[in-house]
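Take a look at the structures below.
The following pair of complexes shares a single chain, chain A, combined with chain B in the former and chain C in the latter.
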Partner chain A sequence: MMHETVLRSATKEVVLGHSRPFCLIGERINPTGRKIFQQQLREGDLSAVERDVAAQVAGGADVLDVNMGVPLTDEADLLARAIRLVQKCTDLPICIDSSVVEALEAGLSVYQGRALVNSVTAEDDRMAAILPLVKKYDAAVIALPNDADEIPMEAERRLELVDHIVSVATKEYGIAVEDIVIDPLAMPIGADTTVVQTTLTTMRGIRDRHGLNMTCGASNVSFGMPDRAAIGAAFLPIAMSAGLTSAIMDTRTPQLVAAVKAADLVLGHDEWGAAWIAAHRARQLAGT
Partner chain B sequence: MTPDEILKGLYDQTLVGNAPTVLDLTHQALDMGMDPQTLLFDALIPSLEEVGARFERGDFFVPEMLIAGRAMAGAMEVLRPLLADTGVETIGKFVMGTVKGDVHDIGKNLVNIMLEGAGFEVIDLGVQVAPEKFVEAVAAHKPDIVGFSAFLTTTMPMFKANINALQKAGLRESVVVMVGGAPVTQEYADAVGADGYASDASATVRKAKELIHRRRALAPA
Partner chain C sequence: MMHETVLRSATKEVVLGHSRPFCLIGERINPTGRKIFQQQLREGDLSAVERDVAAQVAGGADVLDVNMGVPLTDEADLLARAIRLVQKCTDLPICIDSSVVEALEAGLSVYQGRALVNSVTAEDDRMAAILPLVKKYDAAVIALPNDADEIPMEAERRLELVDHIVSVATKEYGIAVEDIVIDPLAMPIGADTTVVQTTLTTMRGIRDRHGLNMTCGASNVSFGMPDRAAIGAAFLPIAMSAGLTSAIMDTRTPQLVAAVKAADLVLGHDEWGAAWIAAHRARQLAGT
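Then we have the complex of A and B:
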C-alpha cells in the first residue's frame, strides 16, 4: 500500500504521495555556513528570514524547511520566533528542522497546522525524545536510517533500520505509519561515485516494502563538484523514479525546479500536463 | 629516466591522482638510489601543495583532492619506514577525529590529506570519536596537535567535552587543540577554549604550522 502524508499550515494543505506531484521543500531558511545571517540572528534581527522565505516561495516551494541552528544562542527561542515570522509571511506548511529536542518542541508549540519534524534517527534515545512530541503535536516526522554507530553503506542495512524505526514508531509511540517520511540519506557523489546507487537501491526498497513517502537533502549529492545544478537536475528525476516523493532543495535554482516538474509529467503525476503548461504560461506572463 | 625526470613525473602524476604510476616511480627512484627525502620534499609535498592551492581557488574539486591524496598515501607507505630510518622528523604529529555523535568525514579527510601533504604525521581516529578515545590517543601518540571536527551545530558542544576530558586526564597542557567544521567559527573556538581554528584545509595547515612554531618557541630549551 502506498501511503500519503498530510501537512498543513493554518489555511493550506500539502499532501505527499507516490502518485502525486513531487513536493519541493525550500531549504534556505537556515543559517549554517552563513556568518552574516548568524550574526543578525544573534542580535535578534530576523529580516533575512523574510527575504529567504520570499525567494523560496517565488521559486516554487510547496513546504519550507526552517532551521535556526546558530551556535551560542537559545535555539529554542530563535526557532519559535522564526516559525511565527514565517507563518506571517506565507501560508506554506513548515518542516521544523533541528537536532535539539527543546527547539523542536518550542517550534511545534507555536506552529499553526500540521508540521513535518526534521528529524529522528534509528537511535532509541532519539526516538524516545522526539516521537512523543510528534504524537503530542499531531505532526509527521522525517526519519533517517542511521544509528549511533554509523551511516550504513549497504542498502540492506539501511532498510533494516527503516524496519526498526517503523516498528518502534507505530507500536511504541502510536505514530501513524503514513506520517513517517524516510530520508534514505543522499551522500556526496564527489567523495565516492557509488554512494548514490546505494541511496537509489534504498529508495526502491522503502517504496516496495513500506510504500512510505521519502525526502532527502538534494544538494548533498553535488557537494564538492562543479556545475552542481546539472547534477541535481539529473539526480532528482532518477530518484523520483526510484520512489522519492519530496526533497529539501533550493527552489531558487530554476534548473532544479524545471527538472522536477518535467519528471512529474513524465512519471504521469501531472494530468494532461496542466501544471507544466500553467508554469510555462506564468513565465510568459512574467516576461521571463 | 633521470632523477629530474622522476621528480617531475612524481609531481605531475600525484597532481592528477595517478596512484599506480606514483607508486611505480617511487620504486624506480629508490632502485636508482635516490634519497627518500628528496622524493618527499621536492616532488610529493610541492604537488599536494599545488592540489590544495587549486582546490582553494575553485579549480580543483573534491574527487581530485581525494585521488591526489590517495596517490601520495601510496608513495608514503613505501617512504615512511625509510624516512624513519634516516631520522627525518615530521613537521609535527596530528591526531584527528570527527566528534562523538557526528559521522561527517569528507571535510576531515580533506584536511588530513593537506596535512600529510605538508609533511605532518596524521593519526586519523575516524568518526564518532568519544572524548575518552581522544584522551587515549593523545596519551598514546603524544601528538603536537589534536584536531576535533564537527559538521553539526548540535555536535559542536563535544569540543568542550573533549577539552574537559583532556583536562581531567592532565593532558590539556601537553597538546595544542584545533577545531573546525562547516558551522564552526573563530568565536566558537574561543568560547570553548580551543587554541586554534581554521575555516578550510589549507588554512588548517597554515594554522597548525604557526601554532607548532609558537609552542616550540615558548618551550623551555
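Then we have the complex of A and C:
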C-alpha cells in the first residue's frame, strides 16, 4: 500500500504520494552558511525571510522549509516569529526545520495548519522528545534512519532503522504511518560514487516495504563537484523512479525544477502532460 | 548475467554494458525529413555527411548511426559510399541503419570493423533475411520486439517477443547472445503518458531476465511536446536506471549529453567522478 501524507497551511493543502506530482520543498529560508542573513536575524531583521519566500514561491515551491538555526540566538522565539511572517507572505504549507526541540515546539505552537516537522532520527531520546509534539500538534514528520552510533552505509541497516522508527512512532506514540516521511540520507557522490547507490537502494526498499513518502536534501549529492545543477537534474529523476516523492531543494534553479516536472511527465504523474504544457505556455507568455 | 557487446571500427573499440558508461549513438547522419540533404544525396553530394559526422563527434558520440534512406535512390550503393566516407572522417564504430536488406549487406560488406546492424524485428522473414548477414559479417544487431501484427502495448508481450528473438537468433542463426541489443520501443509520451511506463517496465524485464544491452530512439519520447530537450534529459537518466545502456540520439544537444554523463555518475558508472570532472575542466579550458 502506498501512503499519502497531507500537509496544510490555513487555506491550502498539499499531498505527498507515490502516484502524485513530486513535492518541491523550497530550502532557502535558512541562514546556515549565510553570515549577513545570520547577523540580520540576530538584530531581529527578518526582511531577508520575505525575499527568500518570494524567490522560492516564484521558483515553484509547493512547501517551504523554514530553519532559523543561528548561533547565539533564542532559536525558539526566532523560529516562531519567522513562521508567523512566512504565513503572512504565502499560503504554502511549511516544513518546520530545527535540531532544537524547543524551537520545533515553538514553531508548531504558532503554525496555522498541518506542518511537516524536520526531523527526528532513530535515536530513542530524540523520538521521545519530538514524536509527542508531532502527535500533539497533528503534524507529519521527517525521519532519518540513523542513530547515535552511526549513519549506516548499508541500505539494509538503514531499512532496519526505518522499520524501528515506524514501529516506535506508530505503536508508542500513536503517529499515523502515512505521516512518517523518510529521508533516506543522500550523501555527497564526490566522496565515494557508491554512496548514491546505497541511497537509491534504500529508497526502493522503503517504497516496496512500507509505501512511505520520502524526502531528501537533493543538493547534498553534488556537494563538492562541478556543474552541481546538472548532477541534481539527473539525480532527481533517478531518485523519483526509485520512490522519492519530495525533496528539499532550491527552487531558484530552473534546471532542477524542470528536471522534476519532466520526470513527473515521464513517470506518469502528469496525466496528458497537462502540467508540462501549461508550464511551457506560462513561460512563453512571460517571455522567458 | 549481464552481457557486454563489443563494437569496433578499424582501430577503435566501444563496449556496451550494464556497468559501463552509457553509449551515445549519434543519430544525425540520416536524411529522413531533410529535403535539401536528400536532394544532395540524390545528386551524389555527400558533403553534408562529413559535416554531420563532425558535429556528432564534437558533441560526444561514441558510435555513429548511418542511414541513407532516400526515396528513388540506390540505397545499397549510397549506404556503402556513406560508410566508406564516414570511416575516413572518424574512427568511431558505426551502427548501419536501413530497412532494406540489400543496403544492410552493402554497408556490412565495406565496413571496417565490427558493426551494429539497425535493425531486425521478431518477424520470421526479417530474421531469416538479416540474421545470416549479422552472422556472416560478425556484427551485433539491434532487435525490436514487434512482429508483423503489432507493436505490443503490454510490457509482457514485448518480453515474450524478446524471448522469441533471443531463442531464434542464438539457436537457429548462431548469433552470440551478447551481440543482441534490444530496442524496447520508446514511443511518444504526448499521445499517452502511460506508454513510457510500458517501455520502462520492458527495460527492467530485459535487464533482469536476459542481461542484454539495450538502445532506443531517445527523441521519440518527447515527439510533439514542447521543451523536448528537458523531457529527454529526464527520460534518459530514468531509462538508464531501468537498464538502458545506449541510445540513438542527437549529441548536438548539450543538455542531453550532460544528462547522460551525470546519470553515469549517479549510477556509479563513472568511478571517482573522473569523467565528470575531466569534462568540466575541458569545458573550462574551451571557455564554454
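In this text, the second predicted complex is superposed on the first by the 288 of 288 C-alpha atoms of A that agree within 3 Å, B and C clash if a C-alpha of one lies under 4 Å from a C-alpha of the other, contacts with A are read in each partner's own complex, and residues count from 1 in each chain.
Going forward, a residue touches a chain if its C-beta (ideal position, glycine included) is under 8 Å from a C-beta of that chain, and two chains touch if they have at least 3 such contacts.
The model shown is predicted, which means the values in this text are computed figures rather than measured ones.
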Side-by-side fit of chain B and chain C on chain A, or clash: fit
Partner chain in contact with A:235 - chain B first, chain C second, else both or neither: second
Touching partner for A:190 - first (chain B), second (chain C), both, neither: both
Partner chain(s) touched by A:72 [first = chain B, second = chain C, both, neither]: first
First (chain B), second (chain C), both or neither touched by A:263: second
Chain A residues touched by each partner, larger count belonging to chain B or chain C: C
Partner chain in contact with A:226 - chain B first, chain C second, else both or neither: both
Which superposed partner A:151 touches (first chain B, second chain C, both, neither): first
Partner chain(s) touched by A:99 [first = chain B, second = chain C, both, neither]: first
After fitting on chain A: smallest Cα gap, chain B-chain C, Å: 7
Touching both chain B and chain C, residues of chain A: 190, 193, 225-226
For the chain B and chain A complex, residues of the former touching the latter: 61-63, 66, 101, 103, 106, 109, 128, 152-154, 156, 182-185, 187-188, 191
For the chain C and chain A complex, residues of the former touching the latter: 189-190, 193-194, 196-197, 200, 221, 225-227, 230-231, 233-235, 237-238, 240-242, 258-259, 261-263, 265-268, 270-273, 276-277, 280
Complex contacts: residues of chain A adjacent to chain B: 32-33, 35, 38, 69-72, 75, 98-100, 146, 148-151, 188, 190-191, 193, 223-226
